[in-house]
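Common to both upcoming complexes is chain A, partnered first by chain B, then by chain C.
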Partner chain A sequence: MHNSDQFTKQVKSGTNIQENKKRYETLLDKICLMAGVVTGILQLESTYGFLAFIITYLMAVIVYTLWICNGRPGSFYENTISDLLFDNFTRELMGFIMAWTFSFALIG
Partner chain B sequence: MTFISKTIQYISIIVILHSGFSSYEFHQTYKQLSINDISSETLTLPKDIKYEAIAGFILFIISVFISFEKIQYFSLRRQEGHSIETLSQGHYLKFISLNKATDSDNMMNSDPTGDVSYTPNMIHLHEKRKQMSDWLQKQQEAIK
Partner chain C sequence: MLDLWNVLLSGSAITAAAGAVAELTLDPQLKYWVLLPISAVMILTGILRQQDSTLIAPGVKGQPRVKLTEAQYMMKAQILLGNGSNINDESFNQRKEYLAKTLASGKYVARPKTENGKEAANPFNDPGTADAMMSMAKGNMASFIPQTIIMWWVNHFFAGFVLMKLPFPLTLRFKEMLQSGVMTADLDVRWVSAISWYFISVLGLNPVFNLLTSENTDNQLSMMQTQTPQGSEMMSQPAQVESQMKSLANDITIAQHECCFDNVETRVLNMYK
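Up next, the complex of A and B:
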């Protein structure tokens, strides 16, 4: 008998998983859109803009993990690394670039 | 979303808009200077505008994080005349493991499968009536 047997696995609540993911997504959406606007106001170009995005994104992930998840993301998310770090990356990058180019063109 | 979070968010948006307007004004002037051939290569965005934008952004992030509240529940079967108590597990998110996820249901006396287990077809009516009449009898004997 090995431990990956379906009866020995911990049963998870699907609705709660979805709800937690949704809340995290909303938080990242807000932060990354506003980061884009601020990057445009500062008129950052090329690499600096993407660097600003990556720094903001990582800071948001770290603060979320320590504050909202109480440092134990495992009890609120199924696959911690992919759920918190990779799943929303493309979505947020697209939102960031949209807000960045918009405010950049508006101000410059 | 709490009142504090909303207030900070409005302030941060105003700060960011103001810095955006300042930045816009600066860049318009900058363009004029370069058209008039005045040496303007050393000119960069003033520090105060930069700091204002960054401060506004930090305020915004704080307000977004403050908007998370520890989840609170109301008990469904509270007694008459008692003030409404809020129950909390002290977390911002909901637990995913099912044994802890059902804790909140137990805490507020909610029965997620109630619509099935209380369906009239599922209830042994004769048994229930017998129990009720027994209970009534006991009550009357106690009064006597």
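Up next, the complex of A and C:
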């Protein structure tokens, strides 16, 4: 019996996936740095600041998935959840904390 | 600076007396003469380091023709194994027979020319390996030296006073690290010295560098992609390559072929059912 699964499976390009990841990372960098600066300008402290980060990050992921990926992130990424949600989390959190601390100290 | 010390000391005294978090008044000049210069130096050094790593990266080197032929024959076998299902049985069998014969005979193994049966060169004396190790060492140095210098600079010029207030609370364990040089036992951990801004910058500047030098990193990525196959080939020895070729020949001989055109009509019809 012919195994048709092998041929009906969707083929993905590794180079394009890398490029998609890079673009997503750059977009998140921009969003999280700006969110950090805004949080600092608003003089938000402790929990409110981290809450601002979590909300911004999740909003960015949701908007990216629904708007830019047209609700089908599986077509552009291999492991959707890890690629879109977890891979960049620490990096963006550090960037956010830096921008937040900087603008908080500068304005305050 | 003396005024600042007075403010600091009185602030800490108030904290100790009240036993609660007290607001210190910091000299606004600190922002312009400490916070901004450290930030600017960190960003500029990061950009310089990236440019520097591009400059000291080894250029693309030419390969002898025999090496390329060897690598390409192996790649051809791997591609046939991976994508063989896209051609029909006849074409596959033709390629399979030819590649199995050629690879098993070791016809295209690049053997270095040896004079009068002399032993082949020691792999550790190979200029390619030495170059790769040297460039790795240079890369490490290029990232390690600037960090050390900046840390020394911050510690030397900006030590001994509180620079800023962190917007989030920290545990007492951080006190020793983040308030180094500030001799106040009761000061809240949120008031930190210049070295902590250095640490925060080191951890958080990656997104900034990505935005500032995204073009460079793209180029580096594509350069790395083109160089990788050559680099891996450079390390291999003829004996290793020959055994790899033989195992590839075995793989090809026993490979089962399954053409993607078999039952293609049924699959297409299933897709649009």
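Please note the rule applied: the second predicted complex is superposed on the first by the 97 of 108 C-alpha atoms of A that agree within 3 Å, B and C clash if a C-alpha of one lies under 4 Å from a C-alpha of the other, contacts with A are read in each partner's own complex, and residues count from 1 in each chain.
Everything below uses one rule, namely that contacts are C-beta pairs under 8 Å (C-beta built on N, C-alpha and C of every residue); 3 or more make two chains touch, one makes a residue touch a chain.
Computed from a prediction, not measured in an experiment: that's the story for all the values here.
Asker: I'd like to know which partner A:Glu25 touches here: chain B for first, chain C for second, both or neither.
Answerer: second
Asker: After superposition on the shared chain, which partner residues are touched by A:Cys69: those of chain B (first), chain C (second), both, or neither?
Answerer: The answer is first: A:Cys69 touches chain B but not chain C.
Asker: Of the partners chain B and chain C, which touch A:Glu78 in the superposed model: first, second, both, neither?
Answerer: A:Glu78 contacts chain B only, not chain C.
Asker: Mind working out whether A:Ile17 is in touch with chain B, chain C, both or neither, as first, second, both or neither?
Answerer: Only chain B is touched by A:Ile17; chain C is not.
Asker: Which holds for A:Val38: it touches chain B only (first), chain C only (second), both, or neither?
Answerer: In the superposed model, A:Val38 contacts chain B only, not chain C.
Asker: Which partner does A:Gly108 contact after superposing on A: first (chain B), second (chain C), both, neither?
Answerer: both
Asker: Applying the document's definition of touch, where does A:Ala99 land relative to chain B and chain C: first, second, both, or neither?
Answerer: In the superposition, A:Ala99 contacts chain C only.
Asker: Share the list of chain A residues that count as touching for chain B in one structure and for chain C in the other.
Answerer: Touching chain B in the first complex and chain C in the second, residues 30, 43, 106, 108 of chain A appear in both lists.
Asker: Could you pull out which chain A residues touch chain C in their complex?
Answerer: That would be residues 2-4, 6-8, 15, 18, 22, 25-26, 28-30, 32-33, 39-40, 43-46, 49-50, 91-92, 94-102, 104-106, 108 of chain A.
Asker: In their shared complex, at which residues does chain C touch chain A?
Answerer: 31, 35, 39, 85, 163-169, 197, 200-201, 203-208, 210-211, 214, 218, 221, 225, 258, 260, 262-264, 266-267, 270-271
Asker: Note which residues of chain A are touching chain B in the complex, please.
Answerer: 10-13, 16-17, 19-20, 23, 27, 30-31, 34-35, 37-38, 41-43, 60, 63-64, 67-70, 75-78, 103, 106-108
Asker: Which part of chain B faces chain A closely enough to touch in the complex?
Answerer: It comes out as residues 16, 19-20, 23-24, 27, 45, 49-50, 53-54, 56-57, 60-61, 64-65, 68, 91-102.
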